[in-house]
């Protein structure tokens, strides 16, 4: 039997004005388990808390009911008071007789009567309370960053800066991501490589950071603070530790017709390659689909020219297991495929390109060495048409595109238009837009400069179709403001393709039990207040995997994700919320229903051996809750058919006791 | 909007099954329209004018009979608004009025000539007659 | 005509993150609603087992209302979606057994909707009061 | 489809037992009377040949027995499954309630089982013997003799059979059937069309007959909990004996809700109820609602399907909208 103390607060006149606090204290004294009751002007004051502490000692209290303001206000306060008096803090219950009683009811008899009932419900609950101790779990002080674009790089650097070890897993042979493919960046027009490559070098040189390039995450087990991750290092047929990145192999490789994905297949590379000059790690990789040596054993040139002896044709995929305390997802984005947009003739003409291809065409390290030339004939285009919102802002039932605004297209199109006019003032540049969206520091000014200083024609209206006609592309479009249909003879058409999350994100989300929206963007724990955390504890989001973002936003989010990781890794132990679900193994059917409704993947199943009354053993499948992952929503408790699952702190028995107390 | 206008608007929306509010005013329908030069009001204007209830001018307009119903606008609309179906609905609203048949049997002989496929006349007759 | 003023007994289950906070806000703004409404705090509306609802009716409650975060806003991301299914089915079943459908309700009340909370409770209490005492689901054995 | 003969099943059982495929056989044997055929476990050829029964009274669904039996059996268990039983079989597999490897399932065709109560309605009390053949021959202690067509006295669940398709088996005897257009929701719809007062009166009169024998729970293939909530003092609904009419209502609502989305509508609850309460009307109400609110769902149609109550969509119907468009 509990020994419960009831403490009724006046809250000045806030409560005492409409509730007869003395009568409440008297009435509750008669409740089962109650051995002491008192009332005081301000329970939350030091004197009020001292009164509670003294009563706990004097009356040997095992439970406390405070009739006061909302538990959202002072539950934490009174739990601390209880703890200070040597009581388990979870032996405290609050009866909310202010916000939900004295403030909403007018007269004293009504208020008093309701306050007594609320008090009784709290007493009934405390009678069934048990001391709870928050679970503790150790924290592996190492973070994993999945994705080595600017988001992943920045997050890794920030975490490493705080003194924690970080591993980056990047599926491509080099880190750098999309930003490495860009030419200039808006709105300042500084060169992407100039600001990105030093960061890549920082990553390479930081002794806290390990890079797993050409690698993928294949399995994630465990939970916040204790993830077990398996990483597949794909065979690159080059010993990373020996390769000096001299490039002799790539020069001598006779297989020259390999599509160069770094340049979006607009030119070719060799079967052994280093994606670009500033690659990190600067290590060659053999493309097994094209290498003659790997395909039919006839060649071996790279091995002969490699002075370091780094070539290893027998290399196999390698699986590495590592432990991490936190995981940051930074899987980034890709432009959507233009295959379905027949009207823009992307597949019919080489001179219809996407904006990312345009970036490569203007990049000094690109296929044209930075000269803006038509992919079809290498001539200088005199008339260029840019089309915005290709595949963005589509209706939900439109299968070609995406419902959302891709956010970055307005600005990069303005940038492309401006740079073209700057470098080639003889070029005629037209941009077709639906809306120009430029919220961002110096963004609108940038767009206006493109129009006013650089003479880019902005036309409101969408392009209806692009018709290849000899060397020209006839762009049929509407000018909605002039009320005209236009037919422009263009030399080059640039499509601002919508962006979508990388395809690797969906299987990764499944592995992490992290939730995604219908567009495969990762969902944040709270859209406003926890934007860089996944609802799955210990999983954080960085960059465009969470939604379309430009570089400054990505870097800001990367830093924010890093700070969350640092906050987690700085702890030696994680103390959880003790109000978590718990399964009674004796009653568990092993049916998996709870596992299916758990939003956090906190429930797993294991085969457990039971001793039966007849001394035989029985192996049964039972649920077990990981208290470090469970957030205590209680959804599983209702889903459980046998009632084996219960929620500590809000046990079925306790809630039923409250119901009974109220309905008496 | 007056009641009669509102009624007409609702009628058109009902006949066509199109929600003009989904339009984001990109004008791709008009950009893609092969009959643009023939039309006084263009597909995006149909959508916009029906949404704003300004339907009378459309009912009067020759544009109704210039639309080829080729469905290029329907195919390419990013918002799945389906402008051609709205044009069709306005056309129906126009010809359903007493004496508003666009084409009568008497008009047909005059239209017959060597170059005109007869199928076109048949389908026009179906389309433009109550 | 009713001679004695009948006071219904209403049990409201409120989720900790939205609706309980909404109820607190109603208090902060001194928005009145009948004292017949007694709130039980649960972490999430999905913690409410249909047996709790039935238990309340069995013990003499005249109406039971569940309040949770708006769909899509659940603190636990998906709890209230399950609540919605469970209660839709439970309430439909109660109605099938001939228990007045006005005695049960699910309402989504956010932490900012103090006014909605008060208005909902006023409306619900009024509807339940109009039905009178809940005889159909009352357990006579448990009555004192 | 033709009726299957007992000898075919006996032959099958004996051969599987003798060649070591299975170690025991779940089958039917005669009970106290000709018409209370009961489930039994056979382990020898002799026992099977002597006592195995298959006739028009073999309604019992064996799926549930597999939960306990597979735990103890050394080898495989042979189980005969009618098409409706296979749904329960799959549902239990979905819930990981037994090890599929330990079962050898033989699907058998079924033309419907008969309801002894319907026979009694014709013959009156005092049935002394029943013989199943082309027709069912019933003798009474008053020396009366009746010849009844099985198709006239089918169990309710067989009259409204939802499927002759076997959704699970290792081996099928006879021809495969198909999912049928069933009128099984008609009764539910009739009740829905009543006024609340009429419905209340209907259920009050039905449920007040309940003697809380728990037969419905004990026979239900979805009720395989390690410990039933009604036997668990901590569940808040522990309740072993009848006290008043509400207790019964509470019991049946909770029971129906517990199996909602998992009930395959096998009809065993109504078959075994000694008070003849139409319990299937509660389960079918949930099934009907689930189909209407969340799209058609047949529990047990496939292993591993996600039960409607363990699932959701963001656009689900609101509880307040449930009654919209349902008249009144």
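Letters A, B, C and D name the chains as they come in the text, with residue numbers starting at 1 for each one.
Rule of thumb we're sticking to: a residue touches a chain if its C-beta (ideal position, glycine included) is under 8 Å from a C-beta of that chain, and two chains touch if they have at least 3 such contacts.
Predicted, not measured: the structure shown is a model, and the values here were computed from it.
**Student:** Does A-B or A-D have the larger number of C-beta pairs in contact?
**Tutor:** The comparison resolves to A-B.
**Student:** Quick one: chain A and chain D, Cα centre-to-centre, how many Å?
**Tutor:** 48
**Student:** Suppose each chain is reduced to the average of its Cα coordinates; what separation in Å results between chain B and chain D?
**Tutor:** It comes to 60 Å between the two C-alpha centres.
**Student:** Return the distance between the CA-based centres of chain B and chain C, expressed in whole Å.
**Tutor:** 53
**Student:** On chain A, where are the residues touching two or more other chains?
**Tutor:** Those would be 597, 639, 652, 656.
**Student:** Can you list the chain D residues in contact with two or more other chains?
**Tutor:** Within chain D, the residues that touch at least two other chains are 229, 235-236, 309-311.
**Student:** On the basis of the stated criterion, which chains touch which? Give every pair.
**Tutor:** Every pair of chains meeting the touch criterion: A-B, A-C, A-D, C-D.
**Student:** Quick check on the complex: what are the chain C residues that touch chain A?
**Tutor:** 9, 11, 16, 20-21, 23-24, 26-28, 30-33, 35, 38-44, 46-52, 55-56, 59-61, 75-79, 82, 86, 118, 144
**Student:** Please name which positions on chain D make contact with chain C in the complex.
**Tutor:** My answer: residues 188, 191-192, 196-204, 229, 235-237, 243-244, 246-247, 249-250, 253-254, 256-257, 260, 282, 285-286, 289-290, 293-294, 308-314, 316-320, 322-323.
**Student:** Using the touch definition up top, name the residues of chain A that touch chain D in the complex.
**Tutor:** 586-593, 596-597, 605, 618, 621, 639, 641-644, 652-653, 656
**Student:** List the residues on chain B that touch chain A in their complex, please.
**Tutor:** 22, 24-33, 36-37, 42, 44, 72, 76-81
**Student:** Name, in rising order, each residue of chain A that touches chain B in their complex.
**Tutor:** Interface residues on the chain A side: 343, 389, 391, 393-395, 397-398, 400-401, 434, 460-465, 476-478, 480, 483, 485.
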